[in-house]
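Following: one structure in structure tokens, then a few remarks.
Letters A, B, C and D mark the chains as written, and numbering starts fresh at 1 in each.
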Amino acid sequence: AKDDITIGVRLEPPHLDPTAGAAAAIDEIVYANIFEGLTRIDQTGSVKPALAESWTISEDGKTYTFTLRKGVKFHDGSDFDASDVVYSLDRARGEKSVNAQKALFEPIESVTAKNANTVEVKLKRPTGNMLFNLGWGDAIMVDPASADANKTNPVGTGPFKFSKWTKGDSIAISRNDAYWGDPAKLKNATFKIVGDATAAIASLMAEDVDAFPQFTAPEMLPQLQSDPRFKVVIGTTEGETILSTNNEAEHFKDVRVRKAMAHAINRQSIIDGAMFGQGTLIGSHFAPHHPAYKDLSGVYNFDLDKAKALMTEAGLENGFKARLHLPPTDYAQRSGLIIASDLKKIDIELEIISVDWGQWLKQVFKGKDFDLTIVSHTEPMDIGIYARDDYYFNYKDANFKALIKELNATSDETKRNELMQKAQEKLNADAVNGYLFQLAKTGVWNAKIKGLWANSPVQANDLTDVEWMD
Amino acid sequence: MLLFALRRFVSLALTLLAASLVIFAIMEILPGDPAELILGINAQADTLQALRQELGLHLPLLERYWNWITSMFAGDFGTSYTYSVPVLDLISERLIVSFPLALFALTLSTLLALPLGLLAAAFRNKWPDWGMMGLTQLGIAVPNFWFAMLLVLAFAVTLRWFPSGGFPGWEAGFWPGMKALLLPAIALALPQASILARIMRSSMLDVIHEDYMRTARAKGLNQTQTLLRHGLRNALIPVITILGLQFSFLLAGTVIIENVFFLPGLGRLVFQAITQRDLITVKAVIVLLVATVIIVNFVIDLTYAAIDPRLRKKKGA
Amino acid sequence: MSLLSIRSLNLSIQNKPILNNINLSLEAGKCLGLVGESGSGKSMTALSIMHLLPHHSHLSGAITLDGEELTKLDEKQLCERRGDQMGMIFQEPMTALNPLKTVGNQIEESLLLHRDMTRKEAEQHSHHLLERVGLSPARYSPNRYPHQLSGGQRQRVVIAIAIAMRPALLIADEPTTALDVTTQAQILELLKELMEEEQSALLLISHDLAVVADMADHIAIMKEGEIVEQGPVPQLFDTLSHPYSQNLFEASTHSPIRTKPPLFYDDAGLSAENRILSADQIVRDYSLPRQFPYLKKRHFRAVNHLDLAIHRGQSIGLVGESGCGKSTLARTLLGLDAPQKGSLLVGDHNPFTAQRDDLISVRKDIQIVFQDPNGSFNPRHPVGRSVAEPLHLHRHSVSAQEREEKVAQVFNQVGLNPKHAHRYPHEFSGGQRQRLAIARALITKPKIIIADEPVSALDVSIRAQILDLLTQLREELDLAYLFISHDLSVVREITDEVLVMYQGQIIERGKTREVFDNPTHPYTQSLIAAAPNLEATIQRRRNSA
Amino acid sequence: MSESMSQQNAIRVNALRSPSLLIGGLITLVFITLALLSFVWTPHDALSVNIMERLKPISGDYWLGTDQYGRDLFSMIMLGARNSIAVALVAVGIGMGLGVPIGTWAAARGGWLDEALMRTGDFIFAFPALISAIMITALLGPGAINAIIAIGIFNIPVFARLARGAALSLWTRDFILAARLSGKNAVHITWEHILPNIANLLIVQGTIQFSLGILAEASLSYVGLGTQPPMPSWGKMLFEAQTMMAFAPQLAIIPGLAIIFTVLGLNLLGDGLRDVLDPKTRQRQDGDLLS
């Protein structure tokens, strides 16, 4: 069978070191292929052992002891042991750290090597998510000798080795024959950067690219589904696509206005119109495939009369004008168009302002100078952002903060789920943002390929089990 | 000649310096902080500060400009914010795609346009002329990205003769590389060729009416001989001017065409770099592009002299 | 049997008749002169012989060359005849050569085309040809490009190309119109030599009767596409019967009648207060376009340390070959182009430093008639508006109605119908336009008019009218003239005093008669000797016949 | 009076004889009418989204069908025409309004000022236009106004050069000298003599720049920097349609054809104007040496 594959990705990573940048594009290439962490998150989103064979958690939930796998080697031949773990975690949380998710490591008090295969991690307080967090790309294990060069020449412990980066075009990796686990089935894999949706379609049809794990032109899916050459796999992502609302902006301060908007927006028609049917309705900031998910998607049904009534109640029966900042993604641009048309029906006139990511970050995210914007929050389990004072939603609710505080201190699974459901209800009740839909993972690949992830609980294209069938 | 070269060099340097100043100034007022873009939305203030230090973004404006200019003279274009590799490497990697592409398109359009223009002029007001004029009108009117779309649809998706885009790299061989560049080059060349053919035609028509053409006929040369031996070279002079001007358009055209064909070229680099606020790369690429345009026009000046003896320095005349 | 014979030739272009029943014949070794005013069809007759007519032309009749009927040949056969049996020298030496090829190359081309020659042989032969036409390859390298040669030298190259194959028939279409008189004389001499040595027949086309009278054995006079009269020289001049040919002959030797006595520079009546214009040591440089951008600028000195003073009522001629700086001087005197050095006074003011009001009063006194009647009117303004333009100087004192009246008045003065004031320039003939230019110069009632070649663009009969007009106006209005021309015969007829200009300087000055009869400066001597003079030529031909 | 009438008649007759002028003028007129009409009437509301009605084929109700949001394509083309034409027109206006005075001023003044202005023009030319447009829109934010500025700036040196070149050659003409002798100053002369004589050239170049402006706006919108949603623009429509080429090719073909036709129309109009207004090309028709 064929033993090489070309995978299309949308964005080119700025570099290849997942510990030094937020870009999802980095993880999509290197995570689980080149780099591994102590734990890993599998297709279903559950935590599995990786470089740590096993672990124990102390009673108080503050001490984690990891037993490391033996005989693991980095691609450059050096051994992986406890000192590498200490180095990696200290580097990520240290003063000079440029880790984009430094906050994940904030609860860690100390990391010590008990012996060559045992590491003890002490926390400042119990942190229920710790094992999951250690499975993030930002927490991968690196070797002190090669760490600084990882941006251009990543050296990890994974089943694939980095081989070549043709900037702007592709990144090639090849099988690591000295892998500690079951070796990969593919010999070579190339990640080809195809930014443009049109180009993606063309390259797929021309069979220049074998797979697009995240195909960004949902309008083409019916077409591709009926083509026997391809397999279309719809999975889930961690991306809650929301109409982010500035809760301190004039008019939007008023929960009645926010609720009116929730009733005025026909979310199913957004999924149909913008995403061509791909996506799941949500009612809060939580991924539907998660065990703690509570389906609140029906709370605000599409009801223009109710919406108008709410507007009248808020004293805004004549409507008002507002701005809608749209980042340069298809889903945002398309949803924005429909939302603008929807809200016009309750006399909210939206001025659409397209911005690139730089401007979006500066003006919307940091400057909080916006009314509405549309963005997909792709970090897994990120409901905690609503408790952050400085976050751009400007949602400053004491009750919610207390909820999250309690959640962070809890490690009991059922208790946690309960709290999380409460948090979801709270957000839904306050209609903090417009909760539109959970972004679907629409993967398209050659029908003969097996083993690609259908869902993406973390941003990754794990190729370990991928193979061609005849 | 030495003096000439020196003066020309000084003026070239001055123009470039002015250009660099303008570019630097524009880059400075572009909204967006590169450090934030690199680290994403969850980054913390101290991390950002650390990165800013690393990138040298904390220095005062003038000092930054000075550092940039001086190191550029030393051949150091800085390190890309987003790719963390020397900008020079980045550019040279892209250049080996963009430069052949521009050259390919230029050659293609010239090879296509000149004979067509000549033919149309020779058959003025007959069907080859009408045909060519109609086609070139269309060629100018068709947006090149749209044409590119059609090309992909026809030759990559349906016929599968050429790749739909991407670039395998020259190490994959010369032909695969050329094959990848052919469709983009055609899309780029179409409007250029149309304009060029029209210029060639009208320039040839101007020349046809020159007295020396009649002199040539009076010597006993037939029409074709007259056109080729006496007309062509004279007609080329205005064509070359346009060719020089077009180069700049060609470079601009590559931005869009490289996007359509997802070619790893300079145009896409600069486009990406602008949206990612990789300002150091943007600055370098634009300086490079502007320099290219200025240098190309200089070469055009020299070409004039090669073609037209009237522009050469008088020697003992 | 004659070498060339043309029988009932008719030509029409796009159904417009151009030539009508032309009959001509020419013997080997003889010269046939073809004269007639501009547009009469001389060039078209020549091109009919060569079969190089414009597109959409229809030719009928018979043209036989050396017993062969040319109209029956196909294009390929014609190509073989052209250059080989018939050569042609074209009207414009400046543009008849390909600017991008060396002259040697352009001569060799026809040799290589018609003879089985190696490049080497062709090169040798072309050197020989250049020697023949007086451009010794040792002095003037055949590797030069046309722009490196003067007009006369270029015309010699064109002749060398035409005679390269020793054609039996040589057609020379106005071979000297673009050249100055001294060069013209040389070229005509060369043609004569060639006829003698090669026994070629020459068809010489010109609108200058004097030139043809000198060269031809036989003359045909054309008018509006027809031959109105032809005959042998010099007998033809005694028997001119057609009114047009008589008119042509008279106009060529026309001299206006003057009543007022001439006014010379040494007259006691000329005093300082009568002085209208004076120039002292003026210099005018043109900066030439740079050969390359950023290369040092080059200059061309068109007027070189020149002194001049003009008083009321004087009529002064300024002569000199084409390009010697006459027009430049005129523009400088008018205060349009600032001189680089020297001082200039118009009235009592320097036009470049004077106050605005002074300048206006100065401008009222001095006007110009431009060299080119086509270019001196804005094609988009009715001529009345252009003629009235100098009244801008009087805009505070002249009402719209007065303006109309003044325009009507000057129109009448120059013999034009005031009703035509609303017409556009292209609706007037060349002669009428020249009258309009004069009308414009007169409208402010100036004291001096600078007339820059006011007749050079006109054909002989109109030229005579304009000269009469100028003389008459001078008599009536007591104007001073600076009359610029390179045509000596014109200057001789209408000026009292003459300045001879050579390469930006005045080299001789004196009473017109005296200078013409007794030139002292060698350049003036050669100029006067070379100037064709119809009456003198006819006299000479009569004597030798 | 009769004579100047005859001149006008000659132009009129020529205009009728020039097929490119007729066809070009007609096409341009159609699109301008559509654009103007869109202010008061469109068959449907081009901005209202109606997902139920999406991707409808051509029908009596939807003359050109609907797009993926159920918007009426014909209404969008009308609105797009308005945007495209407005952007291009204002950009050409900026180019002419600033370029022509600069060019004629440079020609009248000469010397260092001329040199400085023309070098500045060269300098602007040295920046590949689209890249600079991208920079400008990155600087000012995307949007129609900024697209106009970006495109307009590049029109300035085009017109400045053209006006200067033509004016320079006019300044040496005798009729200008005559005007100077009549005591008229440079402004006066430029207004009375220079401008009327270069108007033809400017009009013809104007149509060319106009068509280039439409293409430039399309390109900018195509990369997301031109007209902003929800306002449709042809370039934007093309961009949105291209992923649907396989099953809804009409979405890409219709705006593509609209661009092609408008640009074609303008080019033909320019060609035609040149033939009609320039007596030289009229004569050229008869004076062929070859063929």
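Methods note: a residue touches a chain if its C-beta (ideal position, glycine included) is under 8 Å from a C-beta of that chain, and two chains touch if they have at least 3 such contacts.
None of the values given here were measured: they were computed from a predicted structure.
*Asks:* Using the stated contact rule, I'd like to know whether A-B or C-D comes out ahead in C-beta pair count.
*Replies:* A-B
*Asks:* How many Å are there between the centre of chain A and the centre of chain B, using C-alpha atoms for each centre?
*Replies:* 40
*Asks:* How many angstrom lie between the centres of chain A and chain C, each centre taken as the mean Cα position?
*Replies:* 87
*Asks:* Taking the mean of the C-alpha atoms as each chain's centre, how many Å separate chain C from chain D?
*Replies:* Computed from C-alpha means, the inter-chain centre distance equals 46 Å.
*Asks:* Report the inter-centroid distance (CA atoms only) between chain B and chain D in whole Å.
*Replies:* 23
*Asks:* Pull out every residue in chain B that's touching 2 or more other chains.
*Replies:* Touching at least two other chains: 30, 149, 153, 214, 217, 259, 274-275.
*Asks:* Going through chain C residue by residue, note those that touch at least 2 other chains and give them in order.
*Replies:* If we look for residues of chain C contacting two or more partner chains, we find 52.
*Asks:* Note the residues in chain D that touch 2 or more other chains, in rising order.
*Replies:* 138, 242, 245, 287-291
*Asks:* Graph shape for the chains shown, where an edge means the two chains touch. Line, ring, star, complete, or other?
*Replies:* Contact pattern: none of line, ring, star or complete.
*Asks:* Following the definition at the start, I'd like every touching pair of chains, please.
*Replies:* Taking the chains two at a time, the touching pairs are A-B, A-D, B-C, B-D, C-D.
*Asks:* Enumerate the contact residues on chain D facing chain A in the complex.
*Replies:* Residue list for chain D touching chain A: 47-49, 51, 54, 68-70, 138, 141-143, 224, 228-230, 242-247.
*Asks:* What does chain B use to touch chain A in their complex?
*Replies:* 30-33, 36-44, 46-47, 50-51, 54, 81-85, 90, 93-94, 97, 149, 152-153, 156-157, 160, 163-167, 169, 259-265, 268-269, 272, 274-277
*Asks:* Would you pull the chain D residues touching chain B in the complex into a rising list?
*Replies:* Chain D reaches chain B through residues 123, 125-131, 134-135, 138-139, 211, 215, 218-219, 222-223, 235, 238, 242, 245, 252, 256, 259-264, 267-268, 284, 287-291.
*Asks:* Please give the residue numbers of chain B that touch chain C in the complex, ascending.
*Replies:* 4, 7-8, 11, 210-212, 214-222, 229-230, 233-234, 301, 305, 307-314, 317
*Asks:* Inside the complex, what are the residues of chain D that reach chain C?
*Replies:* Residues of chain D touching chain C: 1, 3-4, 7, 173-175, 177-184, 192-193, 196-197, 286-291.
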